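Here come two complexes built around subunit A, the first alongside subunit B, the second alongside subunit C.
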Partner chain A sequence: MTHQTHAYHMVNPSPWPLTGAMSALLLTSGMIMWFHFHSILLLFMGLSTMLLTMYQWWRDIVREGTYQGHHTPVVQKGLRYGMILFITSEVFFFLGFFWAFYHSSLSPALELGGCWPPVGIYPLNPLEVPLLNTAILLASGVSITWAHHSLMEGSRKQMIQALTTTIALGLYFTILQATEYYEAPFTISDGIYGSTFFVATGFHGLHVIIGSLFLIVCLIRQLFYHFTSTHHFGFEAAAWYWHFVDVVWLFLYVSIYWWGS
Partner chain B sequence: MPESGHRGLQRPLPLACDGESSSPLPLQRQAPLSHNSELGRRWEGGRAGIGGSLSRGPGERKLRLCGDLIPEPSLLQSVVVSVAMASRLLRGAGALAVQTLRASGPARMAVRSMAKGGGIPSDEEQATGLEREIMMAARNDLDPYNMYAPKAAPGTQEEPNLVPSITDKRIVGCICEEDNSAVIWFWLHKGETQRCPNCGTHYKLIPHQLGH
Partner chain C sequence: MRGLLISCSRTLIRPFSSSTRNLANRVAEKQKLFQENNDLPVHLKGGSQDNLLYRLTMAICLGGTSYSLFCLGWASFPHKK
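And now, the complex of A and B:
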């Protein structure tokens, strides 16, 4: 009998890292084809292979952890480190866009009129929908904490309700932001104001969508009884990510919507 | 405690609570939780409540709001409803948020003060594979997968540190004093008890078969 004598998980060979790398190549080259040659074929192939890779890779992780019991305490610790490092990398990603915003807004160029907001830009009123969005995300932070405590205390129905609430608030935020984008009097091509506004809030919105999808997956897993009251790292990872999204919004709101108006 | 978590709700669930379960998750469990949860009743009642108050219109609620300084549940409802009415965008989906705030506050406290709602499996019931093995071994103070540093024995000639090995020798790293950063490494051979060249504590190799 040659069983391992350690508690780590030696993962079986898997094709998904390769298909993921191939989809990255298709996505990048696909974007070039779309931007320059108006063709979406490669991009479409890249998107579909990316989605297939994500679905199958994460499905396999759920199988390995929940159904096969490979996620021992040390393995879980590694997953925690991984998620924290990933979120840290995302923090730095957003830091770049905040740097760009503050660089342009703290000493506004002559061409903008030497002021911020630039001449001709009428920013959104921070006390209208943006404030509502702030309240929505803060409330979703409360509801996801409620969901976590319900899970730890063993209350299935409450956990499902709280998690559904969180997802609903996240979707509500997304819908409101989408209408704001549609109704905004300025566009991404309206100088540096438009660029910094839409790139920063746009990537944030994308992260809200990603976070909402992560939470939806957690809801489905909870419905299928995957989580136990002491072992539910998938949910914790989603909660960490969601809090990160919330914090980024708070910085966006204070910097771009409020100070920048 | 964990086993009776959702047994209390008297659903006929095919759970294995013998502590030895390694079966896959019973995905067929679809028992609805529609009975005795107080939260469930509040949730159902909440919708009608909000619907009723909204139909009464905002003005009346706002007058109450200005006059009241003492916080009370109905004031909270008034504040919540007024905020809901103030924004033209909160009609549809916003009602959901308001219901949530209203239903979650008092109901949450009530459930916490009651016995657990139940319905969420425990590791005792559901852990499987290596995770379960490690969990069960840890209960008996065993560490078959070497997750933890070995506990130090007295280290005397009569009571040497016992070092298991599946062959005739094994490397030992002796941390002579706590927090020493220089670890003393040496081969420990089968046979006589050896001593650490630095601190002199005794080590003895114990031939050992893997249990798994």
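And now, the complex of A and C:
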């Protein structure tokens, strides 16, 4: 009698935490070699091992949950706590950049001309592409909710359509934001305005890309029948992350694009 | 709003129906494979491809770690330009 008599998940020993830590070493030392000695080999090794680790670790989680049945209700509860805590940590991450923005914009330095936007900075019109981007992300929030309800109702085709719509909107946002970056009359080097603008919106854009990738993985899993109408936590986690990305954008839009112009 | 969504979805159903119809539900086969009593850890239980990918990942990690230590040693000393 060697089977477990509890509902928790005792994971198999895994090499991915170790390879993940090693890839972090290669990424950091790789950046040093690139910045100071113009060599990209270590950085390339770091990026590849990071991607390999992420792929295999998450692949194993799908195997443990969908194929081996380890994600019992109590285990799923733990996964929910984990995702909530992770998103909370990301909220604090963005809070720092908003703090920096408000610190500099609420009492603009003499060197900036004592005003915000600083003298010489011509901010983007908040009623043009940024407003469109707001509409796009809000619409994607609606479509992902549609996808979730379709999934819970068992409407497979509708779920796939709604999720594809969400992903398409996310990609549209990314493309528009990239063109905005290209066309902007100011750069990251243009004083504190440029720094706060591009670091805050830049990290947001990175999170949109990460969120879109998470949704694409969910789409692939849905196509392969991994999700059931009652058990689809991977999708819920992706949806939570996507709503978080949307909310951060709303704060960015109101603070930096609108009030900050 | 819901009516609008439904009428829009009709135009979207056509291009999707053929691509989603072809995929069969193979989850049961995967469940059998990954629940086989062979004492393999989950990261190697999928077959020989798992082994290959694991060895590749570990090889780059170990090689890279050694190389990073070599670089540290190299960067610690002055070099004539």
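Just so it is clear, the second predicted complex is superposed on the first by the 261 of 261 C-alpha atoms of A that agree within 3 Å, B and C clash if a C-alpha of one lies under 4 Å from a C-alpha of the other, contacts with A are read in each partner's own complex, and residues count from 1 in each chain.
To be clear about the criterion, contacts are C-beta pairs under 8 Å (C-beta built on N, C-alpha and C of every residue); 3 or more make two chains touch, one makes a residue touch a chain.
Keep in mind that this is a model prediction, so the values were computed, not measured.
Touch criterion not met for A:201: it reaches neither subunit B nor subunit C.
Judged by the touch definition given at the top, the superposed model places A:161 against both subunit B and subunit C.
Once the two complexes are overlaid on the shared chain, A:105 sits clear of subunit B and of subunit C alike. Of the two partner chains, subunit B is the only one that A:3 touches; subunit C does not reach it.
Legend: residue contacts after superposition of the two complexes on their common chain; A:227 is shown touching subunit B, with no touch to subunit C.
In the superposition on chain A, contact is made by A:153 with subunit B only, not with subunit C. Look at A:133: by the touch rule set out above, it reaches neither subunit B nor subunit C.
After overlaying the two complexes on the shared chain, residue contacts for A:45 are found with subunit C alone; subunit B is out of touch. In the superposition on chain A, A:29 makes contact with subunit C only, while subunit B stays out of contact range.
Judged by the document's definition of touching, subunit A residues 66-69, 146, 156-158, 161, 165, 224-226 lie at the interface with subunit B and also at the interface with subunit C.
Subunit B makes touch with subunit A in their complex at residues 2, 5-6, 22, 24-27, 29, 33, 37, 39-40, 43, 87, 89-90, 93-94, 96-97, 100-101, 104, 108, 111-112, 116-123, 125-134, 144-147, 210, 212. On the side of subunit A, the complex with subunit B involves touching residues 1, 3-7, 9, 66-74, 129, 132, 136, 139, 143, 146, 150-151, 153-159, 161-162, 165, 168-169, 172, 175-176, 224-231. Within the complex formed with subunit A, the residues of subunit C that make contact are 5, 9, 12-13, 16-17, 20, 23, 25-27, 30-31, 33-35, 41-43, 45-46, 53-54, 56-58, 60-65, 67-68, 71-72, 75.
Against subunit C, the residues of subunit A that register as touching in their complex are 11-16, 18-19, 22-23, 25-26, 29-30, 32-33, 36-37, 39, 41-42, 45-46, 48-49, 52-53, 56, 60, 63-64, 66-69, 146, 156-158, 160-161, 164-165, 223-226.
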